[in-house]
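These are the structures, in structure tokens.
The same subunit A turns up in both complexes below, where it pairs with subunit B and then with subunit C.
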Partner chain A sequence: MPKFLIWIAALAALVALPHGLSFSQQEILVFLTINVLLVASYRLLTLTGEWSLAHVVIMGVGAYSSALLTKKLGVYVPVSMLLGGVIAALIAVLLSFPLFRMKGFYFLIGSFAAGEIIRLLWKRFRDPFGGAKGIKGIDPMPDFSIGFYKFDFFEPTSYYYFAGVIVAFCLWILWRIEKSPVGLTFHAVHWQDKLAQASGVNVRAYRTLAFAIASGFAGISGALLAHYVGTINPTAFDIDLMVFVLTWAIVGGTATFYGPILGCVVLTVLNEIVLRELGLEQMRPLVYGAIMILSILFLPSGLESIVQKLTKRRAAESAPERSPAE
Partner chain B sequence: MISKIVKSGLTRRTFLKSTAVTAMSAGLPGASLAAGNTIKIGFLAPLTGAVAAWGKPGLDGCQIWAARVNAAGGIKLGDGSYNVEFVSYDNEYDPAKARTGATKLIREDGVSFIMMLGGDTWPGVQPVAEKTGMLFSTLLPSDLSPDTNMLIAPAEVHPIYNVTGVEWLAETKPELKTAVMCAQDDALGLPSVATYLAAFEAAGIEMLDEPLLFDPATTDFAPVVTRLISKNPDIVCLDTCYSDYVHPIAEQLFQQGFKGQIISCTADFYDQMIAKTSEDFMEGFVFQFPDFDDPALNGDNINFTDPNGFYEEFNRRHPGQWGAVSWEYASIMDLWKAAAEKAGSASPDAVAAAMKEGKGKHAFGDADWWGTELFGIDNALVGDWPVVAIEKGKARIKDFRSIPAWYAKHGDLLVKHMKAYDQMWDQRS
Partner chain C sequence: MLDLLAQTGLNAVYAASYISLVAVGLVLIFGVMGVINFAHGELFMAGAYAIVALYAGLNVPFFLAVAAGLLFVGCLGLLMERALFRPLKDNPLGGLVASIGFLMILQALAVMGFGVRMVHIPPVTQEVIAFSDKVRLPVARLYVIIAAIVLLSALWYFLKRTRFGWALRASAQDPEAAALQGISITQTARVAMFIGAGLAGIAGALTAPLVSVNPHMGHSVIVTAFIVIIVGGVGSLEGAIVASVAYALVHTFVTTFWDGVLADIVGLSLMLVVLIVKPTGLFGSADRA
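== the complex of A and B ==
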């Protein structure tokens, strides 16, 4: 099957998807779409070898920025979402000055501390951040019509289409960055940092660049969340969510672009739909934790390794058999 | 009906089913309900995570309530009797998940009413309530504002009832002159801090330090307690801490040798606290939530049906799980049932209107719909509230105190402190 036909079929499936789901599953689909951007942006950061624990706080920076821009300054919602991403990237650049003096474990702990400082600032300053209660009554995306379809953004299907377009565009940019010389340099910074440095690569600048880009997209995901739910508070961006992001990335695998996305989709469907439908609501943390441990033990390269095995096998099966004469 | 059966064909399976239902109906008291005559009630609260102690026991209490009501013939509306069924959704105290849960309960499960803990989760649900016109209840009146017409707080008037504990303490132990306070820095802790500050000021008890607000992620309470008791206070106030905080704080107070008075909004699972400390240490611990085997709950003023029997059944089904919310959601259901039967309908509008007609039958006595000054809307049912103290290892009601009477005397103090903490309805962003 030609590749473009596969893409068209995938696009059609994604457009039709919410219509085959229940209302609550449509809601989960919206949050899943937003989280796909969050985890994909996180992977870009991990390309340089650094695992930050501040990523969801940076997502919160985007959410708070966008919410405040609309509430206090009346900025048009789509513009404020974009600015939320820009502000998150700028904050990441500021954080990079102390953080990139550290590496590995120290960076991990340093990033956690930096994130907590931002969270505590949201709590400490009730004006403008709303303190512990956060901000509520955040303007939703304004409804509009394109003739054959009316976008009512209270409805999850409309917001899914809107968020889906934005997330797809962001994923495309992330993909292009990864495949560009800049992306290859990110890999080099991770795996051969001394060699890269010796070749004239400014390792710290590239780490900062990855951190800023990843944070910018995390900020956009935060803004998408804020304008859908209509409320944000510091607890919404705490370490609990960060553990989920790490779990999605680890269970999905970080060797490929789609690995963390796969982890996010599979674990979200499992946690929010399958276990709830089975009536195991109160056992979800236990089951979720067990699945994570089992996947690490028995699937150390993540879910992406299953996909790779399957696609390789299919490629091998579909390859023309060589004749003995050849 | 007959034509429908004939059309669909009377199979052996259908015949056996209908025969069994008829036989069961004849044998069960009040079970003349037509098949499918069920009203579904949504239970949208945290069932897992740090706040689950204020969700899960409430759902357990509701199941007992439903069993009792259904056995007694169900809810009698204009068009017949209905059984009650609770449909739950674990919102994990997350506003986004609460929104999903509300959508599911209304659009998929067809519930007629949704009960919530409230707090951080309510703003996520508010747009859903506005769009659908569903009636919601909260245990936290600080969720109320003029924008929340379909939100009521009919059981618990947190944190205003906390004034009754301080008032009682000041009257019965006048030698206690100084206090310190701690609370988690969140939507539950802050209005409660403001309330306790007003209550202490009204009682003439001096605060030795600013309230110590700790992060909800705190797990080590040794430094918190060290700082609290460093000024040698007569009273340590635990505000409205979650039980995950009350227990370690009490344990630290015990280990660091505190000998004074402790007052707290809740003392859920206090038997575990006694096990971690001692009966002597917990003697006189004042809080606001009684065990329902308390003889004081058998008075004529109590509207909760058979509190002793409810408590016994709860402990039989869930030993050691009785807590502040075990009875509260069930108490809301008493009010809802009475209102629905009065209106002859389970529709949210009709029930809300019937519920707010005249005085409300609050669990601890008749009460008024109140709240405009503090919440901008009269959607909180406020009356008397019990003051509870631990005596020889058992919670006992010491007195019932009137919240409106306290407010009439000291309302200005409450408003002052609420404003200082940005907790008035018009200050909440």
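== the complex of A and C ==
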């Protein structure tokens, strides 16, 4: 089958998807779409080899910025979402000065501390952040019509289409960045940082760049979330969600662009739909934790390794004359 | 004012005691296994629930229940070593994720066994040592302080003065060289996990009657322990103890004079400052980062 036909079939499936689901499942689908952007942006950050624990708080920076811009200054919602991303990227640049003095384990914990400080500041200062209760009544996306379809943003299906388009566009940019010379340099910074430095690459600058870009997209995903749920508070961006992002990335596998997304989709469907439908409310974390442990023990290179095995076998069958060196 | 200072100082000593027990266990595990045990706060929680089940539930004498809690959590540590950390030895991030999975399992088990609501435990003793009208030290807190001093001294003696302690430190420094000297890495790993988990468990058990026991109590404990081991320098037991005392002092005083959230912010900021000035922590070396 030609490649574009597969793409069209996938697109049609994505468009049709919400119509076969219940209301609560449609809502989960919206969150899933937003989380796909979050975890994909996280992968860009991990390209340079550093695992930040501040990514979810940075997402929150986007959410808080966009919410405050619309609420206090009356900025038009789509513009404020974009600005949310920009502000998240700027905060990341600021954080990079202390954080990139550290490496490995220290970076992990240092980024966690930096994130917690931001989160606690939201909690401590009621003006303008609303304290522990957060910000309520955030303006929703204004409704609009594109002729044959009217977007009503209190409907999860509408918001799913809207977020889907934005996320798809962002993913495309992230993909282009990864395949560009800059993205290749990110890889070099990870695997050969001494060599990269010796050949004139400013390792620190590239780490900062990856951190800023990843944070910008995380900020946009936060803004998408804020204008959907209408309420944000410091607890929404705590370490629990960060742990989930980390898990999605590792269980999915971080060697490919689609690995973390695969992890996010599979684990969310498993957790939210399968386990919830089974009515195992209290057992859910238990089963989820067990799945995490089993997958890390028996599938160390992630879900993507299964996909790769399958596609490689198919490629080998269809093109046996290719030399293995290729 | 002097009274308030003295009282806050006493509170800080109590806080330093249980924090150092938890943090030293975490450092020991990291040192020997090379893995960050995210489930360490839940080991603390497991120790507290041992008291809920045995002391509050079955009326077992308190100190017997604490001893049982220590053994139980130590065995949880052995289980983690065998089932998670040994198979994932060459995958540091894998060990981290596995310990997060284990954390979720322990939390879910606590919810299923005891409910989400916090449990209150009947006080072990109502006795209070009064230094003056306003400066008072509840005896239950004194137990925690004594336990910390005794256990940490015993650990120090074990690590610095016994052959097995040397072996443990050797395998923390250089596992391969230690193995070549005939030290069983598996054996030292088991002992380190048992002691490390047990220390968290006993801290949880002893403080259980003094705090509100709930399935999510491990969260703030692990955050505090992380701050402490980073400030002290990862892998340094002395550093962990010194940093526990320093952190407890700062945190308790800021909490008393301002508020708890600000105290958390100050604690985390201090940690960042230490990391910026000396990225390996106060007592840490550049190895094993």
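To be clear about the criterion, the second predicted complex is superposed on the first by the 319 of 326 C-alpha atoms of A that agree within 3 Å, B and C clash if a C-alpha of one lies under 4 Å from a C-alpha of the other, contacts with A are read in each partner's own complex, and residues count from 1 in each chain.
In this section, a contact is a pair of C-beta atoms (placed from the backbone, for glycine too) under 8 Å apart; a residue touches a chain by one contact, two chains touch by 3 or more.
From a predicted model like this one, the values you see are computed outputs, not experimental measurements.
Overlap between subunit B and subunit C is detected when the two structures are superposed via subunit A. Of the two partner chains placed by the overlay, neither subunit B nor subunit C lies in contact with A:264. When both complexes are overlaid on chain A, the residue A:213 reaches neither subunit B nor subunit C. Touch criterion not met for A:245: it reaches neither subunit B nor subunit C. When the shared chain is aligned, no partner comes close enough to touch A:226: not subunit B, not subunit C. Looking at the shared chain after the overlay, A:235 reaches subunit B, while subunit C stays out of its contact range. Of the two partner chains, neither subunit B nor subunit C is touched by A:188. Looking at the shared chain after the overlay, A:136 reaches subunit B, while subunit C stays out of its contact range.
Of the two partner chains placed by superposition, A:196 touches none, neither subunit B nor subunit C.
By the touch criterion defined above, A:45 lies against neither subunit B nor subunit C after alignment on the C-alpha atoms of chain A.
After superposition on chain A, the stretch of subunit C that runs into subunit B among 57-65, 111-119, 165-173 or 273-281 is 111-119. In the superposition on chain A, subunit A positions 120, 123, 239, 282, 284-285 are in contact with subunit B in one complex as well as with subunit C in the other.
Against subunit A, the residues of subunit B that register as touching in their complex are 47-49, 56, 88-90, 93-96, 99-101, 103-104, 107-108, 120, 123-124, 126-127, 131, 185-187, 189-190, 215-217, 422, 428-429. Put simply, subunit A touches subunit C in their complex at residues 51, 98, 101-106, 108-110, 112-114, 116-117, 120-121, 123-124, 239, 243, 246-247, 250-251, 282-286, 288-293, 296-297, 300.
For subunit A in complex with subunit B, the touching residues are 22-24, 27-28, 31, 71, 120, 123, 126-127, 130-137, 140, 154, 156, 225, 228-231, 233, 235-236, 238-239, 272, 276, 281-282, 284-285.
Chain contact summary for the complex, subunit C toward subunit A: residues 36, 83-84, 87-88, 91, 93-94, 96-98, 100-105, 107-109, 111-112, 219, 223, 226-227, 230, 234, 259, 261-262, 264-265, 268-269, 271-272, 275-276, 279-281, 289.
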